[in-house]
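Heads up, the next two complexes both have subunit A, just with different partners, subunit B and then subunit C.
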Partner chain A sequence: MNALILSAVWGIILMFCSILVKNKKAIGYIAAFGLLTILIGNIAETYGTQITHYNIYPMLLLDRFGLFFNTIAILSVFIFVLLSLIEIRKTGKYEPEFYTLIFFVICGITILTSYQNLLMLFLGIEILSIPLYILTGSDKKNLKSNEASLKYFLMGAFSTGIMLLGIALIYGGTGTFNLQPGTHSVVGTYHGISFLEITGLIILMCAMAFKASVAPFHFWAPDVYDGAPTPVTSFMATIVKVTAFLAFFKLCEVRVTDTLTAVNWKMIFAVMIVATLFIGNITAIFQQSVKRMLAYSSIAQAGFMMYAIFSLNDVAKEGLLYYAMAYSLATIGLFATMSKIKDYSFEGYNGLAKKQPTLAATNAIFLLSLSGIPLTAGFFAKYYMLASVIKTGSYTWLVIVGVCFATISIYYYFRLIQAMYFKTGNPDTIDHEITPFFKNMLIVVAVFIVLLGAFPQLLLNWFYF
Partner chain B sequence: MNALVLCIPLLPFLGFLLVGLLRNKLSRPLIGIIASGVIGIAFILTLVIFFTHYYPANAITYFDFIKNSKYDISFSFQVDQLSTLFMLIITGVGFLIHVYSTSYMHDETPAHYARYFSYLNLFVFSMLLLVLGANYVIMFLGWEGVGICSYLLIGYWFKNNQYNYAARKAFVMNRIGDVGFLLAIFWLLARLGSVDYSIVFSNASALSTTDVTGITILLFVGAIGKSAQIPLYTWLPDAMAGPTPVSALIHAATMVTAGIYMIARSNVLYSLSPVSMDIVAVIGVATALLAASIALFQNDIKKVLAYSTVSQLGFMFVALGVGAYTTGVFHVMTHAFFKALLFLGAGSVIHAMGGEQDITKMGGLRKKIPITYWTFLIAVLAISGFPFTSGFISKDEILLAAYSHSKPLFWLTAFAAVLTAFYMFRVFMLVFLGGFRGNDEQQHHLHESPPAMTIPLIILAILAAIGGFVQLPELFGGHDYFNQFLAPVVPALSHEGENLATKEYALLGGTIVGLIIIFLFCKKWFAVNQFEGKYTGFKNVLAHKWYMDELYDAIIVNPFNNIAGFLKSIVEKSGIDGIVNGVGRFIQYSSRQVRLIQSGLVGNYILIMVLSITVLFMVFWNQDLIIAFLQKIF
Partner chain C sequence: MIALLLILIPFLSGLAAFFMKDGKMARNWSLFSSLLTLLSIIALLTNSVPASNESFDIAWLPFLGSSFSLAMNGLVKMLVLLNAIIYFIVFLATFRRTFDQPNRYFGLMLLMQAGMMGVFLAADGLVFYFFWELALVPAYFLCSQWGNEKKIQATFKFFVYTFLGSLLMLIGMIIMHAKTPDHSYALQSFMHAKLSATEENLLFWLFFIAFAIKMPLFPFHTWQPFAYEQTDTSITIILSSVMVKMGLFAVLRWLLPVFPHASISNSHIIIILGVISLLYASVIAVRQNDLKRLIAYSSIAHIGLMCAAIFSGTVPGMQGVMIQMFNHGIIVAGLWITAEVIETQYGTRKISELGGLAQKAPVLAILLLVMALGNIALPLTSAFVGEFLMFSGLFQYNLIICAVALVSIILSAIYTLNMVQNIFYGNTLPATQDATDINRNARTAMILLAICILFLGFYPQPLIELLNSSVQSVLSGLNLVLK
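== the complex of A and B ==
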C-alpha cells in the first residue's frame, strides 16, 4: 500500500508545484525525490513496515513477488527520470503535469502488481493507460505526436472494450469478479469449465496482449512509439510494457494453471509467441530509423517475455523479474542517448564512437544486452525464459524458434554498433546537454547490466532474501 | 619444503612472464641474466631436494584442479627419485643451454632476444610440470605446454616460411600422438575413476588384460609422437629449423625424452601387458635402425644429429620394451649429456662457419676451433660407445638387456649401434679433419666461440666422459648406484643367473675391435673426395631418407589437401555460402514485405485485430486437429 498511497500523494503535490514552484529547474529534482521516497516506502513494505493498515484483501494482495516487481519498476522510473530531466523540460510547457502523470502511472503499476479482482485489473489498466494517452500527445505542437496520441487512444479504447467484454463473460461463467475462480456453472461446460469463462478468458487475453504489444495486437506500438516524444516512448516501451506483462502473468498464473488444467492453453500462446517474434524481429531488420527499430525490438523482446506466460513455472517467474530489469535498463539507456542525437536514422549514429566515446561504449553494452550476449544481463534474461520452457518438458521446438530469432535480432542490434564504431561520420549531437552527470548515469546503468550478467543471483537472491 | 618444490617450476614461469612482458624494455644482458638466473636457481633448488632426499611418500597437493561429483583431479606434484632425476637433467642441462644461448643468439634484436628466452623459460616450466605432475592430467598439461613451446621455437625465425611449415609439421605430428595420450587418460578415468599415479598403480592389477593393453598402447602412441618414433618421427629432423640451442635442449636432451619418462613412470602398467612391451621394443629397434641408416648419408650437420637422436630414442625404447626401465632412463641421462654436447658443438661449428651447416663444405677445423674440437671428439666417442665413456656404459646395458630378452633383437640393436659409430665418425672427420672445403670468406671468418659457449661445452664434455660411472658394471668395480637410486620408483631388470662377465667382456672387446675397423674404414672412405656427383642406388635411397616424406605426402598429406581444397572451393563456395547468404537474403526480403502490414491506418489495424481474435478462437478449438496435422508433417 505504501507505494500506492505515496505515488498518489506525490502526483497531487506535483500538480500544485506548477503553481507554487517558480524555479522550473527544481521540478525535476522534486519529482526525483518523490520517486526516491516511493522507492524507500516500497522497500520498507517488503520488509514489513506499512504506513497504514487497511483490509484490502479481496481486492488487492501485496505479495513479495508484486512488491519486488514494484521495486524494479520504481527504480527504473527513477533512473529514467534522472536520464531524461532535460528532455522532459523540453517537451511542451507543462513539466510538472508530465511528472504528475508519471506518478499516476506508478499508481496504476502498484495496482496491477497486486490485483486480486478482475475489476481491479481493469482499473489498474485504465489508470496506467489514460495518462499515457496524454503523455503521448504532450508535444502539442508536433503533428506526429498528436497523430500518435489519437491512434493510441482509438485503439486503446477498442481494447478496453474487448477487455470489459471478456471480464463480463467470465463473470457470466463463474458468477464472481475474483481472480481466484469461484464455482463453475454446470450447464454448457467443456472439461468441466464453462464455455463462457473460456471465451471470456481468450478475449481478456487478447486485450492484455494488446497492452503488452504482443502480435497480432501489436499494431499500435510502432506508430505510437515512433510518434511519441522520445522520453515518453522510453517510458512506455519499458516500464509500462513489463508491468502489462506482469499483470498478464498474474492472470494466467491463477486462471490458466490451477483451474483449467484440463484445457490446453499452450497452443494459443505458442501461436502468439511465434507471431510476435517473427513480426518484431523480421520487421526490425529493414528499419532505417533507430527509434522505429527499437519499437520493433520492443515487440521482439515482448515475444521473449511471452515465454514466461507460456510456461508459468517458478523459473518463468524469476525470469520475468530478471527480464524486466535487464530489458528496461538497456532500453531506457538507449532511448536516453537517442534523445541527445538529432538524427534518429542509422546514418545519424555513424562515427559516434569518435565524438562521444562514453555514449557509444555504454550503448554498445545496452545493445549487447538486448541481443543476449553472455556477461550481460540480457543473456541470463533470455536464458531464464528459454529454460522455463524446457522445464515444462514439451514444446522444445519453441525454444529452437526463440534461439533462431535471437540470432536474427543480432543483425539489427549490431548494425547500430557497427554504425557507431566502424563507420565514419560526424553525428549531430546536442553537446551541451551531454553533461558529466548524464554520462555517469549511463555508465552506472551499463555497469549494473554487466554486474547482473556476471552475477545473476545478485538480483534473485534479494528476491528470496 | 612443499613451497620450495612449487618454486622450481614457478621460477621459470616467472622468468617467462618477466622477460616476455618487458621484452621491449629490458636490455640484452639483463634478459640473459634473468632468463638463465631463474633456471640456475631452479637447478640449485633441485639439488637441495636431491641432497636432502626429500621424497615424500604422498603427492604434494596444492589445489583442486578439476573437481566434480565423479572425479577429483588435483593439482599435485610427485617428488620422487624419477622426477628428481629428470628435474636435474632439465634444469642442469637447461641452465647450461641458457648460458650458451646468451652468446649464440647475440645477433638478434633485444625484443626477439627476449622472445626467444621467454619461450625457452616457458618450455622449462612446462617440462618441469610434465615430470613433477602427480597424475596424468598434470603430465598432459606439461606435455601440451612443451608441445606449444617446441612449435614456437622451431618457428622462431617466423619470416622464413619453410621454418613455419616445419613448426606446423611438428605440432600436427605431436597432436596425433596427443590424441592417443588423451584417450588413454579417458580410458583410465572410465575404468578406475582416477588418474593419480598412486591410485592407478595400486589398482592396476584390477584392470582386465584388454584394458591394460589398450591403455598402454594408447600411452605409447603419445610417446611415439613426442619422442619421434616410427611412424611419427619425420617432424624431428625438420625441427632443426629452430635455433641450435633449442635443438639441443628440446629436441635432444629433454622434450623428446618425455615419452621415455612417461613409460618409465607407468612401468607398473606396462609390466602387466607383455604385448605392449613387445610393441615398444619392436618399434624402438625399427626406429633405431631406420634413423641410423638415414643418418649415414645426410650432409647437413644438424640433420645427422637429428636422425641420431631419433635412433638413440629408439635404443631407449628397446630398453623399456625389454623391461629394463632403469636402463632406458639411464640412457636418457647419458644421451642428454652427449647429445646436448654434440648439438652445442655443432652450434659452435655453425657459429664459426658463419651459418654454414653443410658438412661437405667444412673440413680441417681442428686447429681453428680447438675447444669445440676436443669436446666434440669426446661426444662422438661417447655416442659411439667408446669404452668407459657414459655412452658405452648405458648402451652396453641396453644390449645386455636385449640379449637376455631375445637374440634377434640384440643383433639388430647392435647393428644399429655400429651404424651410430659409423655416421658419427663420418661427421667428425668431414668437419674437423682433412682440408678446408669452404670459400675464402668463411675461412677468414673462422674463430673459436666466446667463453659463454665454450664453458657449457667443457662442462658437458666432462659429464659425457665420466657421467656414466654412476652405473659402472660390477665387473669393472661399479656399484649400480643409478639403479639403486631409482629402485623405489622404477624396478631394474634382473640379470640373475646369467653369466654377465663373459658377455660384458665380449661386448667390450667387440666394441673396441668394431671402433678400430670403423675408424680405419672411414679414413679410407673419406680420403677420396666423393661429393662431386650425386649418390646412386641404395645410397641415394638413404640420402633421400627412404623417401618417407614423399610417401607421407602421397598417401596422407596430398589426399587431405585435395579434400580440403574440394570442401573449400566447391562445398563452401557454392553450398554453405549459398545457404547462408540465401537465408540472409530471404530474411531481408520478408522484412521488406512484412513491413507493409504496418499501413498506418487505424481502421486496418482494428480489422486485423478482430480477425486475429477469430483466428485464435479457431486455433483454440481445433488445436487437436492442428497438432495431429503437424505431427503428420514432421
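== the complex of A and C ==
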C-alpha cells in the first residue's frame, strides 16, 4: 500500500511543480527524491510498517513476492531517472508532466504486482498503459514519436478490449472476478471445466502476451521502441515489460496449474517461447541501428523470461525476480549511453573505447550480462530460467533450443563490443552531457551487475530474510 | 592456500596491469607475476610447503549447493605447472616486442591465465563452469585486438563455437545438480548421482561436445586453424599450448569418472573420430604453405591422437595421454615461438618464400630442429615416451585402429621435415637475403624449452610418478564398471 499511495501523491505533487517550481533543473531532483521516498516506503512495508491498515484483501494482496518485485522495479526507475536526467529535460517541453506520468506508471506497477482480482488486473494494466501512450508521444515535434504513440495506442487499446472480453468470459464461466478459481457453472464443460473459462483464459493470456511483447503478439514492439524518445524506450523495454511478465506469472501461477490441467498448456507456451526467441534473435541480427537491435533483443529476452511462466515453480519465481533486475539494469545502462551518442547505428559506436573508455567499459559489461557470461548478473538470470525448466523434469529440448538462441544472441551483442573496441572511428558523442555524475552512475550500475553475478544471494537472501 | 594463490596472483596482477600507464612497467610486472606463479607451483611440487595447501574450500552459493572449492591431484599439478611455465616463456620470448596498448594486453593475458588456472583447479561444477567461461572472455578480447586483418571474424567464430559448447555443458551441469542425492555441484557428489542409461548418455554428449569443441576434435575443429592463423602468435601459444588442454583435462576429470558407463559405450565412436582428426589434419598439414596453419593442423592431429588414447581405457594409453599433454604443450610452444620469430623478423609466414635460413640464423635452425624432432616424436625427445605409450594403448584396444593411426607418424615426419627443409636449407630467397639470427630473449626461452624436451626425453620418470595416482584413479572408475 505504501508504494501505491506514495506514488499517487508524488504524481500529483509533480503536476503542481510545473507551476510552483521555477528552477527547471530542480524538477529532476525532486522526482528522484520522490522515488527514493517510495522506495523507502516500500522497503518499510516489507518489514511490516504501513501507512494505513486498510483491508483490501479481495482486491489486492501485498505478499513478499510482490513487494520485493516493487523494490526491484522502483530501484530500477530510480537508476533510470538518475541516468536520464538530462535526456528527459530535452524530450519535449513538459518535464514535470513527464515525471508525473512515470509516477502514475509506478502506481500501475504496484497494483499489478499485488492484484487478486481480475478487475484489478485490468485496472493495473490501464493505469500502466495510458501514461505510456502519452510518454511515447512526448517528443511532440517528432513525427516518428507521434507515429509510435498512435500505433501503440491503437494496438494497446485493441488488446485491452480483448483482455476485457477474456475477463468477461471467465466471469461468465466461474461467476467471480477473483483470481482464485471459483465455482464452475454448468453451461458446458470439458473435463469438468467450463468452456467459457477456458476460452476466456486463452483470450486473457493473448492480451497479456501482447503487453509482454511475446510472439506472436510482438509486432508493435520494434516500431514503438524505435519511434519513442530514447528514455521512454528504455523505461518501456525494461521496467514496464518485466512488470507485465510478473502480472502474467501471477495469473498463470494460480489459474494454469489448478484449473486447466486438461489443456496442454505447456505445449502452447513452448511454441510461444520458441517463436519469441526465434523472431527476436534472428531479426536482431539484421538490424543496423543499435536502438532497433535493443528493441528486438528485448523481445528475445522476453522469450527467456517466458521460461519462468512455462515452468511455474519456486526456481522460476526467484529467477523471474533475478531476471527482472539483471535485464533492467543492463538495458537501462545501454539506453542511457546510447542517448549520448548522436548516431544510433553500429558504425556510430566505432572507436568508442578510445574516446570514452568509461562508457565503453561499462557498456561492455552490460552487453556481457545480456549475453549471459558468468560473473555478471545475466548469467544467473539465464541459469535460473534454464534450471526452472530442468526442474520440471521434462522438455529438455526446450532448454537446448534456448541455449542455441542464446548463442545466436552473442552475434549482435558482441557486434557492439567489436564496434566499440576493435574498430577505428571517431564517434559523435555529446560530450558536455557526459558528466562525471553520469559516468559514476554507469560505473555503479556495472559494479552492481558484477556483484550480483558473483554473489546472487545479495539479492535473493533479501527475498527470504 | 597455494591453490587459491595460483588463481589470485594472475588475477590481481592482471587487474593491476590494466591501470599501468607505462607499457614497460606493465611488461616487467607481468613477467614478475608469471615468475611468482611458477615459483608457487614449484614450491608445491617439491613438497616444501604442507600438503594442506593443495586444496581450498569456502562457502559461496550455499542455496545452490555450490562452494568455491579447489583441489589438486597429479594431473592438475602438471597442468598448472604447464600453464605457469608457458606464461613465463611467452613473456620472456616477447620481452623486447612492443605491443599496442600494452597495459590492456598484459592485463588480459594474466586474466586468461587466472581463468585457466581456475579450470584446472576447480572441484565444483559451477566453479568449473565459471572459470571455463572466464578464460574465454579475455581470450576473445585478446584475439580480436592483436593479430592479422581477419582476426575479428576468426575470433568471433572461435567464441561462438566454444560458447555454444559451454552452454550445452551448463545444461548438463544443471541436470546433474538435480540428479545428485544432496543437490550439490561438487565433483564428488556428481560421481554418486543415480542416472539411468539414457540420461547418462544424454549428459555424456552434452558435456563431451563442449570439451570436443575446445580440443578441437573432428568435426568441431573448423574454428581452430582460422583462429590460430589470424591471432597474434604470442596469444596463439597460450591457446594451443594450454587452452586446448582444457578440453582433454575436462574429459579426464569431469567426464570419465562421472559418466563411466556412457564413456565406455561411446568409446568406439570417439576413438574413430579421434583417428579421423589425426589422419585428416595430418594430410592437410602436408599441403600447407603457411607456417602457422601448418602448426595448427599438426596440433589438431596430435590432439586427435590424445583423445583417442583417453578412450582406449588402458593403462599405457592413459599414462601416455597425460604425459603427452605436458610435452605437446612444451613442443608446440617452441614451434610457435619459431613462427613468431620468423614472422616478425622476416615479414612472411609462407614456407615457399623462406629458404636457406640455416646459414643466416644457425641458432634458430638448431632450436627449431629440436622442436621439429619433438613434433615427430623421435626417441630421446620427450614426445616419444608419450606417443609410444598412446599407440601401445590403442594397440591393446584394437589392432586395426592402431595400425591406421600409425600412418600419422609417417605423415607427421613428412610435413615437419618438409617444413624444416624448406625454411632452413636450399637457396636463400629475397625474404631471407639479409636475415639476422634469433634475438636474445627468444633464444633464452627456446633453450629452456629445448632443455625441457631433451631432459624429459631421457628421464620421464618424475612426470610418470607425478601422474601415477591420477592414472590409477581414472582407470579404477572405469574398471569398476567393466566388472
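In this section, the second predicted complex is superposed on the first by the 462 of 465 C-alpha atoms of A that agree within 3 Å, B and C clash if a C-alpha of one lies under 4 Å from a C-alpha of the other, contacts with A are read in each partner's own complex, and residues count from 1 in each chain.
Throughout what follows, a residue touches a chain if its C-beta (ideal position, glycine included) is under 8 Å from a C-beta of that chain, and two chains touch if they have at least 3 such contacts.
Since this is a predicted model, take the numbers as computed values, not measurements.
**Student:** Superpose on subunit A as described above, then tell me if subunit B and subunit C fit or clash.
**Tutor:** Here subunit B and subunit C cannot both sit on subunit A without a clash.
**Student:** A:F437 in the overlay: touching subunit B, subunit C, both, or neither? Say first, second, both or neither.
**Tutor:** neither
**Student:** Contact-wise, after the overlay, does A:F16 reach subunit B, subunit C, both or neither (first, second, both, neither)?
**Tutor:** In the superposed model, A:F16 contacts neither subunit B nor subunit C.
**Student:** Using the superposition on chain A described above, determine whether A:V403 touches subunit B (first), subunit C (second), both, or neither.
**Tutor:** second
**Student:** Counting residues of subunit A touched by each partner, does subunit B or subunit C come out ahead?
**Tutor:** The partner making contact with more of subunit A's residues is B.
**Student:** Which partner chains sit in contact with A:W462 here, subunit B, subunit C, both or neither? Use first/second/both/neither.
**Tutor:** So A:W462 meets neither subunit B nor subunit C here.
**Student:** Based on the superposed arrangement, let me know which partner A:I390 touches: subunit B (first), subunit C (second), both, or neither?
**Tutor:** second
**Student:** Per the contact definition in the header, classify A:Y29: touching subunit B only (first), subunit C only (second), both, or neither.
**Tutor:** Once the two structures are laid over each other on A, A:Y29 reaches no partner at all.
**Student:** Have a look at 41-49, 59-67 or 257-265 and say which bit of subunit C overlaps subunit B after the superposition.
**Tutor:** Once both complexes are placed on chain A, subunit C clashes with subunit B in 41-49.
**Student:** Counting contacts the way the document defines them, which residues of subunit A are shared by the two interfaces, the one with subunit B and the one with subunit C?
**Tutor:** 411
**Student:** Mind pulling up the subunit B residues that touch subunit A in the complex?
**Tutor:** 587-588, 590-592, 594-595, 597-598, 600, 602, 605-606, 608-609, 612-613, 615-617, 619-620, 623, 626-627
**Student:** Going by the contact rule set out above, which residues of subunit A touch subunit B in the complex?
**Tutor:** 151, 154-155, 158, 162, 198-199, 202-203, 206, 210, 216-217, 219-220, 222-223, 264-265, 267-268, 271-272, 278-279, 282-287, 408, 411
**Student:** Flag every residue of subunit A that touches subunit C in the complex, lowest number first.
**Tutor:** 368, 373-375, 383, 386-387, 390-391, 396, 399-400, 403-404, 406-407, 410-411, 414, 418, 421-422, 455-457, 460
**Student:** Would you pull the subunit C residues touching subunit A in the complex into a rising list?
**Tutor:** Residues of subunit C touching subunit A: 61-63, 129-130, 133-134, 137, 140-141, 144-145, 152, 156, 159-160, 163-164, 167-168, 170-171, 174-175, 177-178, 202.
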